[in-house]
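In the two complexes that follow, chain A is the common piece, with chain B as its partner first and chain C second.
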Partner chain A sequence: MKTPTPMVQDLIDAIGEQAVVWHDDDLLVYEYDGTIDRGNPDVIALPANTDDVVNLIKIANRYDAPVTPRGAGTGLSGGALAVKGGVIIGMNRMRNILHVDPENKTALVQPGVVNLDLGAEAERHGLAYAPDPSSQRACTIGGNVAENAGGPHTLAWGTTTNHVLALELVTADGEVQWIGHETRDEPGYDLVGCVVGSEGTVGIVTQVLVRLVPRPTAVRTMLAVYDSVRQASNAVSAVVASGIVPAALEMIDKMTIAAVEPVLNTGFPLDAEAVLLVEVDGPESQVEAEGARVEGILNRFEPREVRSATDPEEREHLWAGRKGAIGALGQIMPNYYLLDGVVPRTKLPDVLDGVYEIAERYRLPVANMFHAGDGNLHPCLLFDELEPGATERVLDAGGEIMRLCVDAGGAITGEHGVGLEKRDYLPWIFTEADMDTMKSLRAAFGPTENFNPCKIFPKGHGCGEAGHQHAQHQIAKFGPKAFV
Partner chain B sequence: MADAEAAGASEIETLFDDVDTDTARLQRYEVDRRTPRAAIRADTIAHVEDVQTQAMSQDLAVVPVGGRTMLDLGMPPNRYDLALDLTGLNRVVEYEPDDFTITVEAGMTLADLQRLLAVNGQFLPLDHPRFERATLGGICAVGRGGLRRNSFGGPRDWLIGMRMVKADGTPVKGGGRVVKNVSGYDLPKLFAGSLGTLGIIVELTFKLRPHPASDQIVALNAPSFEAALGAAHAAAQAAPFLNGCVVLSPDAAADARGLGAKILHDQPSLLLRANGLESAASEVLSQALAAVRQSGLDGPERTTSAIVETWQAVADLELQTDNRHVRLRVGLPPGNLGNAQQILSQQLPEASSWIAAADSGLMFLEIPSIDAETIDRLRRQLGPLQARLTVETAPTELKETINVWGPAGPGARLMHNIKREFDPQSLLNPGRYVDGI
Partner chain C sequence: MSIASPPPPSETIWLTEDRPDAAELGLCVHCGFCLNACPTYHDLGVETDSPRGRIALMRGLDSGRIEWSPRVQQHFDQCLQCRACETACPSKVPYGRLMEATRAEAFAHDKWPRRQRIIWRLIMRGLFPYPRRMRLAGYGLMLYQRTGLQAVVRRTGLLRRFAPRLADIDELSPVADKPFYATNEAGNVRPTHPVRGRAALVTGCMMPLAYPETHRATVRVFTRNGIAVDAPDAQVCCGALHAHGGDVEAARELAKRNIDAFTPESDDLPDAILINAAGCGSHLKEYGHLLRNDPDYKERAAAFAARVRDVHEYLVEIGFESPHGRIERTVTYQDSCHLSHAQNVRSAPREVLRSIPGLTLSEMRKPDKCCGSAGIYSVVQSEISQRVLAEKMEDVLATNAEQVCTANPGCMLQLDAGIARFDDERRMMPRSTHAIELLDEAYRLGNEGESR
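Let's turn to the complex of A and B:
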């Protein structure tokens, strides 16, 4: 029988035995997130309220233990992995929607609220919560805030940072403070803008005041099937250039179709090369006119077929292939490595060609499913981690794809975060001085060195340098300087 | 005193090649009756770096200057050695219209940018007073949304990348040139709204919007400002996709008419704006107007094709107050506008010029004068309505006795920490921002 360490005992004393996970078997669940990296926490603490969070952070500080905040563990950059061990503070028990104000279009929620549940609550008031990551059935608002999560519908509405008005934050020294204001008129620096997207490296968010948006009176979803990715991406460019701002503009390719079709019966032809999903919303008359224009543009690029739906159930069916894409990839290979590069929209066709070329060169199947309207690519490299050398090949190909995005004037991550996974690549887009400036912002939030350590910034003591040899190899191969 | 200043000027002259110490010309950089010892007009980013390197090593307090439309915003500077004029930095760095993004230097005016974008049917959705003069760097440094912030947000929501020169002259950047990006901390958000206290903003990248196919505006008279406000609130609730929803008092309407909003009468007025495809804009406007009618306003609807001029005239009112008078800005949840207006009109019976954006929860009013006690009382009374009151314009002697920003919120500790990290010697706009920052 394992006995609790003094720190674990203190955590138990603070929030109760039921809320602390420390037996080896139980810890296993918390070693993973959505990436291929792993981290081994010493203990998981599950606070019920802000005071608990304060106490937990203070206990961890007393033992000089690293603190890693965690939501649903659906993250795609290793942000919630306890790389240096220590305490994971899991926010899942704080899952209440505290208040909805339909008149002023705001909602006050706890960080453990699931994204889709907030959406459903907003809908009861005739409103919507715009950011809708594909993991929205599981991912939490706290995690969305940490990563500045996006989703298909952020093309028109912007990402999480455009929808958070104020936050209650517990900083690394255990101080609680509200930052921001319902009206964005709180005088002073945009602290909310600094915290959203800081990947849990400056504190733990314990309440979030979000902005809700009006629900469109009409929505039309169109799906077009193409015989080449080029045609589909040219259609994307044409829609963007037309001056219409669709609510969503998404693409999936042949490999993705092959994965989703048998599972979800979406009716996609298996020999098609690409499927585009375009959604327009707004007042009835706008949707009608814009829908017709979008359909006209889609038809210019010789689609095999164009389907269109306005009724919610049919629209859901059209979306099923996109939203279920990641989950279905297991049909093809046991593991996937999901990238998140983002490029200027005019560069999309060339960069996509490059992605296929790289995948082929590394002998890796690649499935693409992504936010084409934003230029945000999600190539999914498929592999079997049991095959010797496969993981290394995947990481190499991934590095090369990221570099391709950077060289096209883009960035290494559009919505998943830098986290553990991409931190070694940050010098491709930022100079030492840029990163030092970011670190000085982090320092302003208190003693943050032990707060979600080994994330965002390259290097760092005890962050498993050996595991990052592949990244170092990539960086050496392409040279450190890129679009800096 | 004059001798000391003269000595200061000549000392500065030896530090920089291109410094202007002409007393008459320095007047244009005056901030709350403080005139700098010298001014430098930078024309490249490298130039800004050199100036800051020198300023830091010589411990010179710097005020970054753009179009000087809001140079008086904030507390009087507690030191002011050098005006760093950035209007020479006005080039386009990169513009690929089909990407719907643009990168420009910070000294470009909003009007110049809009003209450039209009050629390609695009625009940057920011309302800002005096946009012919206001520079993008200045607009971002002030960082506030305008009368249409409910639809458009503020500069923070359109900025996707930024280059800055730090207090010590180091050039840095944040963000990038893509519309969606979470690589590294969001430094552009930190700098937007930092009032030039953290570094010199030198280059900006924005995402853009296509021009709507149709833009429509309707004005109505109301029996009273309160009635107009009630109708506007009803309109904003009934038609959430309205692009703008503004109410003006008779004085404000008259001033706006003088500035080009010919559609307005010298009456309490309601101004509604909708855009999108023509049918959609009409649909939104008719939803809004139905709510207006239901709330009891029955005057005729007037419309105009001079939409940009009309709207800009109203936006320009924000800067019509000269600094012998006082202009207040109140931001609050839209649902509390009516109650806040009641409190303000009771406490400030002399206020005559009122503008309120009913969908955005924003109100501006002008008064001949005010004292510190009244401001404190107002802030206390408005507090429960979640309102924030800023003194935008006021005579210098009044500003020296009040806190124009209001009490610092709970985030003040973090703000001071950030200021210390970025500008440890407190040389950039010293003392002008929140809580003495």
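Let's turn to the complex of A and C:
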């Protein structure tokens, strides 16, 4: 029988046996998130309130242990992985919606609240929580804040950072701070903006005051079917250039349709090269006028078909095809590597051509489903990690695609964060001096070196290949299928 | 898709051909979409008790990374097998099948405590498969209730004090106040309308004792819609509980006996094999998979499974007649997990309910979240089950429905226990009912109206 280490024992004494996971076999289920990297925590601690978080951080500090915050573990950049071991602080048990204020259109929530549950609660008051990542059924508000999550509807509404008014932060030295203000325009520096998107490197958020928005009175979702990706991308550029800001503007390519259609029966034609999902919302008259204009533009690019869904069920159906797309790729190949890059919208057609070219060169099937309206690409490389060398090939191809985005004047993440996955690409867009400035900002929040180490910033700080090494060792011992 | 061939038997932990399928395990891309759908993850708040986590544990066992410790076994045991994760899964991982396979292996590995094994043999192998013994047990229960002994036991709380587990079972026991259902009753009901089809009713092990009226209503409803219903006398328990628990050997034996009973001639199959219990229905539809390696039965099993229809599903399929009798009542519908998540039948029961004049359907916030019954789960994992039930009852009571309606005997028993426990101070909610009983009631009220 394994005995707990002194740190584990302290954690158990602080928050109880039922809130600490530390046996080797149990830890196995905390080594992954939604993507392909791995990290091996020494222990998971599951706080029930802010005081618990303070105590946990102090204990971790006492043992100089790395601290990695985790929500639902649906992230796509390795942000919630304990790459250097240490303590994962799992926020999923702090999942209460503390207060909804319909007059001021705000909600005070704990970080473990699931995005869609907040949406459902807001709906009861005729309101909505705008950021809607595809994982919204499971991902948590805390994770959304950490990664500055987006989603299809951030084209019109902006990402998480535009919807967080204030937050409670437990800093690296265990102090509780409220940052931001309900009035939306606090004098002084925008500290909330520094915390949102900081990927767990400056502290742990324990309460969030979010902005809610009115629910649109009318919605129209259009599906446009094209025989080439270029036609579809040109249509996207034309819609955006027209000055209309649709609520969402998504592209789904042939490979994705092949994965989604058989399981979800969304009605996407299997032989189309690309479909666009365009949504306009607002007051009835605006939806009618904008809908007609958008339809006119879509029709200029020789679509095979443009059709509209107006009733909620049909809309749900179309969106299910988009939001379920990533998971459905498991139908084609056992593993995927989902990229997240942004490019200026006008470069979309060329960059997409480049993505297909790179994938072909690396002999990797690629599926594209993405937020075309804001130039946020999500190429998804499909592979089987049991095939020798496949993972390396995928990582190399991913790097090339990221480089392509950067060369087109874009960036290496639109909404998934840099995390572990893309930290080595950071120097492509920032100079050494830029990164030093970011590090001093991080340091301003306190002794944060142990907070989600090995994330965002390129190698160094003794991270090396920490996460990968362990994984390589395990693979050598048990074979690649030892990993989920 | 290339999957490495399984290692030679000496290197694998699995003992039987029922092991979790490596390719099916590989379908999980660990996106985590299942987490929030899982009642045990919601309740326990640890990923080890989430679908994604349990799949990781299965893969850990499969690859030899972890040992099959009692702790790992507990995570498997704590799964309700409600399959809500399958609805949430964009990759369509057949989680229910994987969990049954894992339980089958646990059974083969003898991973259970001795006492649990003995009780299983006595009850699941010694009682459930034998209709006559079940009936005797039913009479025992009837006696226990009619003599007032149950009332005394409950009032004094003695059982709760000395044998809380037994008290839980007592709380979940059905009310045996109606004559038990006999298989020959079905054939005696003559269709009142022109016959357009022929169906065979699966009466099951518990239903004839606990809910005989549901069977009577089922037969009346279908004969009224021109379907002649028969209930083969040689049928036995469907074996769903056995398969869910991992006793696949017993499950296969029962399946074969039912295939012989229902489809003695392979060229003369009934149009539908009807079932009004969702848990049994989803298992009956899996007979083909269960007997896939049995050369004598695999084809017959697949043919049998293809004919299985849940009663609501079949009513909609044949285009049932709308009732004329009014039932002025607000009801809420609890999706039985094995109807919604396992069989994807969600709209049909609602269509049946909405066809009834006067009846209002007031939906819960999460109607397809498990009530915690889950076969024998409510007894063997009573603590989690009770917490899941408490949350369900909160949702039920918030609808202001006068009655809960569902599609499975286990759910009905569990919800009745919930009503007894959580509703007593608020209002007098009657026992839960089955949608088909409401339809039957509406038909009969309509008849009375016409004959008057």
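Quick note on the criterion: the second predicted complex is superposed on the first by the 460 of 484 C-alpha atoms of A that agree within 3 Å, B and C clash if a C-alpha of one lies under 4 Å from a C-alpha of the other, contacts with A are read in each partner's own complex, and residues count from 1 in each chain.
The rule we apply is simple: a residue touches a chain if its C-beta (ideal position, glycine included) is under 8 Å from a C-beta of that chain, and two chains touch if they have at least 3 such contacts.
Treat the numbers as computed from the prediction; the structure is a model and nothing was measured.
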Touching partner for A:Phe383 - first (chain B), second (chain C), both, neither: neither
First, second, both or neither for A:Arg137, with chain B first and chain C second: second
Partner chain in contact with A:Tyr337 - chain B first, chain C second, else both or neither: neither
Touching partner for A:Ile456 - first (chain B), second (chain C), both, neither: first
Contacts of A:Asn148 with chain B and chain C, given as first, second, both or neither: first
Chain B versus chain C as contact partner of A:Leu28, first or second or both or neither: second
Contacts of A:Gly197 with chain B and chain C, given as first, second, both or neither: first
Residues on chain A lying within both footprints (that of chain B and that of chain C): 483
Touching residues (chain side chain B, partner chain A) in the complex: 96-101, 121, 143-145, 149, 153-154, 156-157, 166, 170-174, 176-187, 189-190, 192-194, 198, 209-211, 213, 237, 240-241, 276-277, 279-280, 282-284, 329, 331-335, 361-362, 386-388, 390, 405-406, 408-415, 417-418, 420-422, 433-435, 437
Interfacial residue positions of chain A with respect to chain B in the complex: 101, 103-106, 147-148, 150, 154, 158-159, 161-162, 171, 175, 177-191, 193-194, 196-198, 214, 237, 240-245, 282-286, 288-290, 342-346, 371, 374-376, 409-418, 422, 426, 429-431, 433-435, 437-438, 440-446, 456, 483
Chain A-touching residues of chain C, taken from the complex the two chains share: 1-4, 22, 26-37, 45-48, 50, 52-53, 55-57, 59-60, 62-67, 69, 71-72, 88-93, 365
Residue ranges of chain A in contact with chain C within the complex: 21, 23-26, 28-30, 32-34, 44, 46, 72-74, 90, 92-93, 114, 116-117, 120, 135, 137-139, 263-264, 324-331, 333-336, 384, 386-387, 474, 478-479, 481-484
